[in-house]
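Take a look at the structures listed below.
Next come two complexes, and both contain subunit A; in the first it sits with subunit B, in the second with subunit C.
Up next, the complex of A and B:
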């Protein structure tokens, strides 16, 4: 393959990677921003979304497009419910203590993973894409659905941005983020805001999963990679900054795509991890994070 | 000093035990075994982790073989039972499972693991515990001399034999310039090393070797490394993402020009050939250890085996057409259990003290004619290298089915011994 098409494919792969990263990381970033909770189980919310998508598309007797759209609604709602329950039953009782919540979400990670193994089983199962559309370029073919994921990621991120900056719910979340006590004195039900934020974060992970699962497969161990990548993106972008998450996702995604293709995927991972180390040493708050 | 009741009056516990045993015996339909303690075989099973699809079918195959063996009178007149223990397809847990099956369950021997990294991680522990360890892993690590006297592979051929016997056919029928895609661990490295050597020896050329980590979930980025002048693309992939790999290969080539494709069925084990996105495989070739689709010339033994395990003519479960089997590999479990029976009977195996004699009895085996015990076909066992040799099949996808187009001879797959385990101490 000559240089031009090679670079084109690298950029396409990188863009898809960036979209996947942004989708999975935005929920993690939001939860940390508002609640100061590092949700280690975020990857399992993602996995849960994918597994639920499999159940919905497998058992609903609809054509692929409708079944997938049903999954896009049902999976996030159920995952949000699990997340809200976690907040009320676990995190609230730990008073959102940073160390305790990390331990608790690690525990949740294993519980969700083992529950999926028990109910769903150890196999990787494909979820049929809502549409089959291949783009045939002169040099190679490319999945049209992957490009749809990029568009969907942009839409989801714009929606999150709109909710956070233009709606009353977003205003309340931001107020709680800035100063919990003052928000409470102004009559904001902080407990409900926290439960809602955690549920929103979980739902975002599930939305990401339903979008991505047709190009991968639903598997009970699939939460591991997104968690790691989300942390890389969120640390580089700055915990709690949605703009930072987006920029970091684009940087990491594109560099991963291009370095993977021209050199090796392992080198791409090494560089991403090295970048995290450098950011932690020289700019611990991340590229766009506020100083703690 | 503690007091002991000595006398004729049995203790309450003894009475209960005897009564319980009596009830159990009365309940058994086959009074033949009522006296004999069962032979306990440990099965190291990939029930979870990346080998789960194989594990599901290996367990079913083992259960079916167990029923056949027990229906025919067990081993040495004793009933046989299998203790399944999950290793999570994880080498560290694999070694622990070997220990647990040996020490806690007191199994007479252990068999069944497939994934080469698990086998390599577990075999040293089996040797330390001095327990026979019969693997179904295809890796060259057994015949290559990496393992030990207690580890044997009598139920499935190894990668070196497989690829070197098929390379001449690939070169003669598909092309001379080969690009290889393989998983980046022991099993894949065997493919890389021995197929490349066989291609060079046959006058062909391997122009690219593309290693993919076995846990990878996205593959498109590796595919541009396939050179434009490739005549044959050789692919072998494992793990839960195999379907994604093949689909992305299809997307990549699409309707454009593509090289001939020769794959190991490993890339599609437990995957339905009719899955969306796999239509491009029509006309491509696969290695199969055992033909998934029932062939016109299937032997009576193979047909009986298929029925016993519960597999239909398309290689799927008789109870669920979407549950496709790992047909090309799972015969190894069936055959290994029958070899265990033969070995234990030849050595007059009674208990753990006879483990060494069992290993020696298996080492003494040579010809294994096609039979209900060897459903995949005739085999030849090499006691020195602890490795069996047999036929390989090349199938072509025609109308969504795998149709056998070539069978290699056993002689094609032989190579000089790399080790003589019989000279090693126990």
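Up next, the complex of A and C:
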């Protein structure tokens, strides 16, 4: 394949990557922004979403499209429930202390991983794509499902944006983010906002997983990469800034896709990590974060 | 009527308020005075539910406020203008107002009433709250609290850092609210301001309200001001 088409293919792969990354990173960023909790188990919510999607599509006697759509609803709802339970049973009792919640979510990471290993097993298993069509470009054919993933991720992100900026729930979350005590003096039930935000973040990771799992297979260790990349994205974009997170997801996703194809995935991670180091040195608040 | 009966409250192991009692009547302005650090803001925060009460009672009519979860206190009709304003800075004026309307499910009518009191805010609805001038920020803090259509209003040094004309405007607003039958509890350090708006003055020292005096018994050179403020 000559350079031009190869670059196009790399850009396409990078765009898919960026779209899914944006979903996981936005969840992480939202949770940090509103609750000041660094959720180390965020990647495991993603893994859990993928594994649940496998169970749903495997055991429901539906045709692939219906089964996948069922997974798209069931997996995020179940993950949101696990997240909300984590908030009420663990994070709330730690009073959202930043250091304590990091330790607790590290513990949760291993618990979810081991639970998946026990119940689901060590194998990577594919989920049948909801539909099969290839788009035939002059130089190569490309998966129509992958393009669908990009469109779907953009739609979900627009919905998140709309919820945060245009709805009462979003207003309440933003007010709580700014000043939890004052929010309380205006009748806002901060405990409920926190449980809801943590559940929302988990659900976003699960949606990303259900979208990706027909491409990448479900595996009990699959949470590592998205966690690392989401942290990279959130730090570059500025902790708690949704706009920054989106821009950084596009930068990191695209460059990761392109560098992986032209050189190697390892080099892509090295460069991304280097970028984080540079951002931390020269602009610690992130590209879009407010100065502390 | 809001009654505070023998409350003890503080931060962790540190007790700030000890067996403190006082009351605030509807349609009256009760001023709280006392030296810096005596616990005036702590008292406000105890009433609104931000500082837990270890013993004693705070009641509004028949409702025991101290027994409610904090976010339920404003629902009962207690509005709070904190010291230093504490606006939702990155949110717009309109959004800050919107937050104020939530607790008691007030609608556009209340919003219009409040914005009519502060026309300057109406001109700046889409402006981000942190970019307002100090005076405008204080107006917004009061407007946001008034959105609750409260029965009791707690104001913690609303005139702090404002120029005289702005202070006058805030006094006028307080007197209008008094006419409408709200019980107002005002923490205020300036003697002249207190003499202009107060019906009663409660003097704090040693973690308690030690004396409550009607306005008519006070003059600018009263000994009480010297004793409790050291002026």
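As a working rule, the second predicted complex is superposed on the first by the 292 of 292 C-alpha atoms of A that agree within 3 Å, B and C clash if a C-alpha of one lies under 4 Å from a C-alpha of the other, contacts with A are read in each partner's own complex, and residues count from 1 in each chain.
Throughout what follows, a residue touches a chain if its C-beta (ideal position, glycine included) is under 8 Å from a C-beta of that chain, and two chains touch if they have at least 3 such contacts.
Fair warning: this is a prediction, and the values are worked out from it, not measured in the lab.
Of the two partner chains placed by superposition, only subunit B is touched by A:117; subunit C is not. When the two complexes are overlaid on their common chain A, residue A:141 makes contact with subunit B while staying clear of subunit C.
When the two complexes are overlaid on their common chain A, residue A:95 makes contact with neither subunit B nor subunit C. More residues of subunit A are touched by B (comparison of subunit B with subunit C).
In the superposition on the C-alpha atoms of chain A, no part of subunit A is touched by subunit B in one complex and by subunit C in the other.
Taken together, the subunit B residues at the contact with subunit A in this complex read 47-49, 52-53, 55-56, 213, 216-218, 220-224, 228, 240-241, 243-244, 248, 251-256, 270, 275-277.
Of all the residues in subunit A, the ones that touch subunit C in their complex are 168, 171-172, 174-175, 178-179, 181-190, 290. Chain contact summary for the complex, subunit A toward subunit B: residues 1, 6, 9-10, 13, 17, 117, 121-124, 126, 128-129, 132, 134, 136, 138-143, 215-217, 219, 221-222, 225, 257, 260-261, 265-266.
Subunit C contributes residues 48-50, 69-75, 80, 82, 86, 88-91, 95, 98-100, 102-104, 144, 148 to its touches with subunit A in the complex.
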